[in-house]
Each structure stands twice: as C-alpha cells, then as structure tokens.
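So, here's a batch of structures to check.
First subunit A sits with subunit B, and in the next complex the same chain sits with subunit C.
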Partner chain A sequence: MAYVATRGGEQAIEQAERLFRAEMGEITPERVAEIKTALPYLIDRVMGEASLYDEDLAALALAQAGGDLYEAVLLLRAWRTTQPRLHVARPIEQVTLFTHRRISAAFKDIPGGQVLGPTLDYSHRIIATDVLEGARYVPAPVTPSATPAPAHQPSVAAWQAENDLVEMPGFDETAPEDIPDVTREPVLFPATRAHRLQSLARADTGATLALGYAAMRGYGQAHPTVNELRLCEAEIIVTHPKGTAFSAGRVKVSQAEVVSKKGDTLELGFAATLGWNEVKCISAATLDLNSKGAPKGSPTEEEFYLYHTEGVESSGFCIHFKLPHYVTFQSSLDAMRSAKKTGTTAEKTSPSKEPAQ
Partner chain B sequence: MSVTPQSLKTLSRAWEPMSYGFLDASAKREIRRKMIKAVAVPGCQMPYASREVPMARGWGTGGLQVSLTLIHPNMRIKVIDQGADDSVNAASIRHFLARVSGAPTTLDTLQADLIQSRHRIPEEKLNEAQILVLQVPNPEPLRPVQPNMSIARQMHADADYGRMWLQLYEQIVRSGRVMQGASYPSMVNGRHVMTPSPIPRWDVPKLNMAQHLTILSAGREKRIFAVPPYTRVEPLVFDDVPYKVEEHHDLTCSRSGAKGFFMNEIPQEDGSSAYELSDSGFGVKHIQQSTGDAVTFGKTWYENGEMAE
Partner chain C sequence: MTHPHNLCLTTLARSDACAIKTFGEGLLDHLDPVEVLSSRTGLVMLPMRDTAQGTGFHLGEVLVSEAHIRMGAHEGYGMRRGRDLEAAMAMALVDLALDAGRAVADCTAFVSEQAKMQQAQDHDTLCRIEATRVDMETF
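Entry: the complex of A and B
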C-alpha cells in the first residue's frame, strides 16, 4: 500500500498560500512604487518596526503581505538579520538634525521657534467621499514662508539643563562599535540603556501606545509633558577605511522627549525611531520616563513593556495558537479525568495558571 | 608574467541573496557557542540573540535556528509536530529546511540524523549519533510561580525551587494528584530544573540517561538549553507520590492495531473515542507491516505499555 503521510499537509499549505494571494493579483514594480509614494507614513511605521531603513523594501514587503503589517515587518526583519553589519555610523546630535517639524508643549515659545511642519493635527477629519463619486482630491499647494524656519534647531532639554531644570544623562563614553546591539544579542535585565531605546525604536506601534497610554492614564508614576517632538532627517556619516568621512544619505527619524513635573528637577524620558511616527515616540518616551522605580510586573516596568511591545514575537505567539495542540491537550485531559475518577477534587478553587504550550 | 589585479571581486565570494542554510555565519557561530555552553551546563537556559527567520515566532523558530545551524547536505532530517510528519507546520518546516540546505528528509525515526520536533519524542529509541531538537514555547519552568524573568533567573542561580515543589504539593491537596499535564518540570543532572517543553509526561522518562543529545530551543524567548547524552532527567516528584504518565498503556491504535504507546484521542459521533498512534511515522510502519511490506522497527522506549528498563 502506498501510504504517503506527508502529501495532505504539503498540498494543503501550498494551496492555502495560493488562495491567500488569489485575489491580490500580480505584484509589479509599479505597484510597489505606488505604495511607496501613496503611503509614506505606513512605510515609515513599517521601517521603524522592522528597524530597516529602505522605502522600496518596505513597500515591497507591504505588497507581498497584502498589507498585513505584522507579516510585512517579519519579512523585513528576516531579511535584515541575514545582512552583514558593515559599519557603525557616527553618532547623531540633535543640533545637526535637518528638522521639518519641532514642537514643544512645555513652553509657548522656544529658542528656534515652534515649527509645525507637516501634520494632520489640525485637519478636520472629514472623509472625502467625493473621490468615490469620481471627483479628484487635489491637495492645495503649500505657500512657502517668507522667512523659512532654520533647518537646524537647538534642543529644549539643553536650555533646561543650562537653567538647572533638568538632569541630563551623563555622556556615554562607549565606543560606537561597542554599543550593545539588540539585533545581535538578547535583552537581559536590567537592560542597558542602548538596548532599551533600540528595543523601543523597533517596538510595535500599537503595543507601545497601549502600554504608554496605560501609564498616561494613571498606571504609571509620572504624567508626561511633551518637552520636544521632532520629525527630521538625519545625515548618516560613515568613515571610509582611508579615513574620509562622508554622508551615506539621509534617513527620516522622529524623536520625542517627555518630562515629568514631580520633584525639584524635571526627569527626562526619551525615544526615537526610524521614520516619522509621533504616536510611537511619545508613548515610548512615556514608558522610558516611567520605568525608573516601576514595580515588578507593572506595565511601566522595563521587562514588562520591552517583552510585550515586541511585535514580531507577540504577533507570532498569538497566531501560533492556531497550531494543533492535541498532544498537550490530551496530557491535561488525562490528568483531569484521573482526578475526577478518584473523586478527591476539593471544592472548586480558583483555577491555577496553565503553562504556555 | 601577468598578475591578476586584486579587487573586492577577486578577494571575496560572489554575492548571494541567501547564505547556506539561510542563517548567516555570525548567527550560526553564536548558536554553536550557546549550544556548547548549554551542553556544558545541562538544563541551564542560555540566552541567545535569536534572529528572525522566515517563519512567525512561536512556530518553531527556536528549533529551526538550531536545525539550520547543525544542518549539512548529508544530514537526514525528520520534522514532526505533535508526533505527526504530515501536520501542516511540520510539512512547512521540513520543506524549508530541505529547500535552504539540500539535506535529504525522512519520515522514519531510525533513518533520521536530526529530528526537529514539536512536543513529542518518537516512540523508537534514538542513538548516540542522532540529535533531537525540541521546539520550546516557554523555556522557563518557574513562569507559573514567577512571571518575572530576572527574578526567575536569580532563583535558578540559587537553585531556589521551593515554590515549584509547593505548587505541586498544592495540586495534590486540591485535586488528589499532580495536575501538570505536559511540560512536566524536571531536574537535570541534579542541578537545574528545566521544562522538557510541552511533551506529554509519557515522553519525559525517555530523556533520562538517553543515548542521544537533546537540544531545546525557544526562539521567541531567546533561550537554548540541552540534555547531553547519558544525563539524569528526573521529573519533580515526592517520595510517596510516584510519577504518573498518561494512562495510555492499554489503548490500541484503531488504524494500525499497535498497543501500548501514546495515542491521539479521536472523538466519535456516537460519543465514544477512538485512538490512533500519536507518532505517525511509527503508525505508518505498523500499517505497512500489516500489508506485507518489509519494515524495520527500532527498539522502543516503552514495551507492553511500560517504560523498559
């Protein structure tokens, strides 16, 4: 008898993927290019969570995953991790950032000025149904300012430090190539500051918001004030083996600095990520601000939020529950039946925790 | 005499979109080092970077990274999920391993050099030349009593397992027996308590003083641990409450007629249950034998439904 046990499974998974792709049609360079130009903020979010700055790859990943964000990020992460780390770029200082938008909620005006830049913050969220009726939605042209805002801006925290209002973290002497890299080594706790900020930089936006929001609502010790929020471009300066430093290009970055108003000095929380993603930066900075002294197991404790905002891991584990679990289930069933049979089960007590399977 | 001018092109290998076995050399080197550490301190969890692989976390990415590191073109691979070779995810992992390595695959435990498994140990005994890679969802046996990993790590360092014992004791008081289903916490080499991964209790004794090397790897949680050959693995039990495996000793497989092995329970329309061997490769052998095919059976851990000495 020709009994081929594997045929069913292999055919099924092949056809299941075909079914997933059946309605989406061809993925063409044109489709990828259209995604890239039409959805820059989605591209930014995906690049940030993938910790891979490449707009074309991000657009391709979105096309290939049919817009499933977790799948797109995993595609990029799995590609990224196999690529060699060739070089460590020069550290970037705030004053060198080419700034598009920079606001502070802490002061009415700040040295360098409030620069609104591109934002939907004050738009009226009315959906343009006309487009579905055949009209075109043509964005009105921007009128350039008579006196453009300076491209480089000082940091608000630097001014506060000068005025003894905030305690700035000490200068980190670690050589660039010795900075711990979260993509090459596991996070252990207490985490290094580098690991914490890297981990937040590539955290899932939604998860970061959920835990950050919990802290903002009162499950944290500190209520944040947005000291400074920036959307900018950073010059990536690398050094040629011959010693020449040159720019390898610019990447879009966003960063947020939040402060608490407790005590006699301000405490600082910080976060930055690749791409422009304000919600994530403010939430992540809030978590950073709240981690000091956070009780074990609270949403603002470093171990808690770093583990639970890791999107590739959390989404993967969530969908793994679709896998068959009948062996482990059988094992528990056996214990339950035998306990029932012996009839010694005490009155219903609170259910004990099940281990993950 | 002409000298070929040296350039990056002549000095380096041609660019390829993917390394042999998918993982790049630096990732493999790290995993090799962590595996050696894990073998040196049996049952102790070694943190590792755990790179992303082209499969979702929680789907065997830890086991996959170990397999990808160990794999070579002459290594015969078997992949099972809950005991079955034909389970969709096992099929997917086997296909991926073969695709990126060119390694041959098999469904026969005896033919396999490396077995990647989710939650079962095959019924036929493994030998010194074979490696078993177990996928691990949660590497921390202390998680139910201590969800915080940094505290749990300290507890392992202190061999502070009092709360583990207390938990087992409470189960006996409440339910008259230890209620732990799969992932039965076990003491390795008399020092570290580990989770054997969610294998059924039936399979835990197979690890004790086994001839083969077992590597357990949790991709999402970034921990590798190991049971080297001929290492003690003892389920945590009280002297007066013996360890109990699932009561499958007397069950008979409805498809192959085999008896005395771990079974899957298949609910029937009439309210009763039928059973089939959970180890599908082993089941296929029984079916093949009954139809007159020549098959070779290995020695099994269990004989007549009891763990053989």
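Entry: the complex of A and C
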C-alpha cells in the first residue's frame, strides 16, 4: 500500500473559510469594545485559559473566532509566542490582593468577615425575555456603604494555623525567574507543584469542572469544602532600570482553597487563575486536594487530569480527527478483511496497552 | 511635594491613558532631544504564592507596553498594562523629566492629581464592596 497524494481542495478551503467569516460579518473596533464591556466573565475565562492577560486582545480573539472558545484561546496562545518576555514580576502574596469578594463555606466567623462581592449565587435565575420584546433591562444600582471595605483581607488558612487546624506552609525561596514554567519546559510526572498549579491555572474550565465534579461526587479521596474563595485584583510588581519596584497595573485574579474534613488535621487544596472564574478554581483546587494517593488512571490522578484539562491540546487532538484519515482507515479495513479471511482478530494477538498508548 | 519614586511610577502606570498622553506631549518642550532605547510590547510573567503549601508558581502572562528613553545622563522608563505604546512613552517622559529636574512642579501636580483620582476610584469601589458584607445573625 502507498500514500495517495491528492489535489483540488484549495478553492473549497478558501470558500469554506469565507463562508465561516461571512456569517459573522465585519469585525470593527466598536464590536470588540462591546464584547469587552458586555462579557467580562467570558473575557476572563478566555484570558485564564490562554494564560495571557489582555482584555482587548481576548475580546478581539472572541470576535474573530465567532465566540468559539477553543479557537479564541488558540489565537491568543499563538499570538503570545510572538511577544518577548520582558520581566518576571514579584510573586503575588494573598494578603496584598485588592479583594472584591471573599467568602468561606467552612467557617462563618472568619477574620475580616464574609464579603459577597459581585455574585449571582443567591439570585433567581430568570431570563429577561422582555428585552426581546423591545424593553430595556437596566440593573438596579448598588447602594454603597458609607465606609469602605478593607482593601486587603487576612488569610483564612493563617487564622486556622493559629488555631492548630492546619499547618502553615514554609516559605518557598525559589527566585521568580527560577520557578518552573510549563511554557518553557515539558511537564514530567510526578510533576513539580509549580507545574501542577500553573497547568491548572491555564486549564480548560469545562474539563476541570468535569474531573473536579467526578471527585466531588465520590470518584476521589476527599470531599471538598470551600475554605476560602476570593475574587480580587493583583498588582503587577516590576522593577525600574534603577531598581525601584513599582506596579505596572492590576489584573483580576481568582483563587480557591478547599479543605478536606478527613483525618486528624485539615488538608488544603489550592488553585488560582487569571481573571474571575470561580467554578474553575474550586474544581481545580478539588483536584489538587485529591491528588495524593489517587489511583492510576482515576480522574484525580495528577497525570490524568493535567493531560486531559489542557484545552488547546485536547481540542486540537479532537478536531484533527476531522482531517482526512483515508490511508490509515483503509489500512484498518484491510487488516479487518485479512483477519476475517484467516479467522483471527487483531485484539487476540495484540499485547495489552495503557489506554493512551 | 515630590512623590517617592515607586509611588510616582505606580500612579503613572495606572493613570488615565488620554490624560498622560496629553501631559507627556506637553513635556517635550521642556526636554532636550531624547534617545529611545526601547518602545515595545511584551509580556510579564506573573507568579503567585500558593496558600496551601507555600509554593511559588506562574499564574500566567500579562501584556504590557514598555518605553525606555535617555537624555544625556538621565533615563526615563515606563511600563503599563495593555497595548498602548504612546501611553508607556508618555510615562517614560514624565519619569525622565523628574529625573532631569525639568518641569518638576507640573509633573508633581499631574502625579498628585492622578493619585487623588485613583484613590477616589478605589474608595468608591470599596464602598460598593462593603455593601455586600454579610451581617450574619445566628439563631
């Protein structure tokens, strides 16, 4: 058997792309600006999964991809490779975060109190169909408090450590430039914690939820309770050529700590991401919490969930099946026909393999 | 009153883009010819400290605009989040002017005004956040 070269698809490919883009019409700065303003949580999700923070670019990617999240994330990840890395910022510490929302489901009276911030958690989910009939949906304005909330909130885990409920982590002295980076080196298993948390930070939200939910439903070792959940803004601390440290601006960040009720002490799982995305952080923190001792091939095993929550790789692998496989499929058919003729099957003779081999 | 260098840079990096561009353009009359060392967009990797085990890890990269300029022995530097080379250059011009002692009163006034606006913005945000504090009653 030989490979068969074919030609003749160029025009069809060109027209197919035109057909896709024609559906969406013209992309204008106004459209990009509207997407950025109207869909901040979608923008956040795309920036987190792309591992690239810029609202304008994320809005443009969404406009160009017609709202296909995987295409938008791929556009951003590809564009990112054209840019030089100028700095590694000073690591964000939790107590320096400008906090908009901070709650705990484990302890009612946490230091600093429970601040709901922007959320639909307690809202009725009623779609405003009047808008489709010409009405305007104008949200009621917030009635501000006379006094401001504290910009920074103390750590729940630190308070728990003071009460001997958890062990305070040691200080990681790794220089920011030396922190392992999945964009510069391959992830090897068992992964470093830095690789695990970075991979989860850029993981696909849906995949992270699916595997985290499996753990929550019982296909894991520990059931999570949200110890602390934050939506906040972090300063990007960089260094002036003369050595002065300053903030180049703020970015939205979300983080979740989940706690396991099993055993004598409490165990914590952690995750964070760029942008505000609570579902992803809680799911990812649940996977982190459940990693220890997870059976091979289970949804909470590190290798399993890190490989299967990488959105660009998984969506890319999925869509590659649409590309012509005429030769390999023909080869399979030939093998099947041959096996039928000789009365054997391929399965009987092939050695056992791991599913992903 | 002049501001500490870090507060000045932080304020300029967060200042209104249109305002700093207009102000920076006006500064050119007070400066000698300037050499541009760099004017580019790029990425800043943002690490974070995990609160469960204390590990430093990379959260992701942030798009920034950077400008680095020189005038004789003096240097000016600007870095701001986002894709706006003109705003980063304007920031570098203010930094350069302050370093060289040119138009110091104007620059200080601009930084003070921007800092005041940013503080007011943060105050408003925090008052709106405080409105969502749960005043829990235990039965």
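In this section, the second predicted complex is superposed on the first by the 334 of 357 C-alpha atoms of A that agree within 3 Å, B and C clash if a C-alpha of one lies under 4 Å from a C-alpha of the other, contacts with A are read in each partner's own complex, and residues count from 1 in each chain.
The criterion applied here is as follows: contacts are C-beta pairs under 8 Å (C-beta built on N, C-alpha and C of every residue); 3 or more make two chains touch, one makes a residue touch a chain.
Just so you know, these numbers come straight off a predicted model, no measurement behind them.
Touch counts on subunit A: comparing subunit C and subunit B, the chain ahead is C. In the superposition on chain A, no contact is made by A:E162 with either subunit B or subunit C. Contacts of A:G297 after superposition on the shared chain: subunit B is touched, whereas subunit C is not.
Of the two partner chains placed by superposition, only subunit C is touched by A:T174; subunit B is not.
In the overlay built on the shared chain, the residue A:D130 is in contact with neither subunit B nor subunit C.
Judged by the touch definition given at the top, the superposed model places A:P84 against both subunit B and subunit C.
Of the two partner chains, subunit C is the only one that A:I236 touches; subunit B does not reach it. Once chain A of one complex is fitted onto chain A of the other, the partner contacts of A:F270 are limited to subunit C, with no touch recorded for subunit B. In the overlay built on the shared chain, the residue A:V253 is in contact with subunit C alone; subunit B does not reach it. On subunit A, the surface touched by subunit B in one complex and the surface touched by subunit C in the other have residues 80, 83-84, 183 in common. Partner subunit B is touched in their complex by these residues of subunit A: 1, 3, 5-10, 12-13, 74-75, 77-78, 80-84, 183-186, 188-190, 296-297, 303, 307, 312-313, 315-320, 323-336, 338-339, 342-346, 349, 352-357. Of all residues in subunit C, only 5-6, 9-10, 13-14, 40-64, 66, 68, 75, 77, 79-83, 95, 122-134, 136, 138 touch subunit A in the complex they form. Partner subunit C is touched in their complex by these residues of subunit A: 47-48, 50-54, 56-57, 80, 83-94, 98-101, 108-109, 113-119, 142-151, 155, 157, 169-172, 174, 176, 179-183, 193-198, 201-202, 228, 234-236, 238, 240-242, 244-251, 253, 255, 257, 268-270, 272-274, 288. Of all the residues in subunit B, the ones that touch subunit A in their complex are 18-19, 22-24, 26-27, 30, 47-54, 56-59, 61, 81-92, 94-95, 107, 118-120, 137-138, 143-144, 147-151, 167, 170-171, 173-183, 195, 198-202, 220, 222, 244, 246-248, 262-265, 278, 280-281, 284, 287-288, 291, 293.
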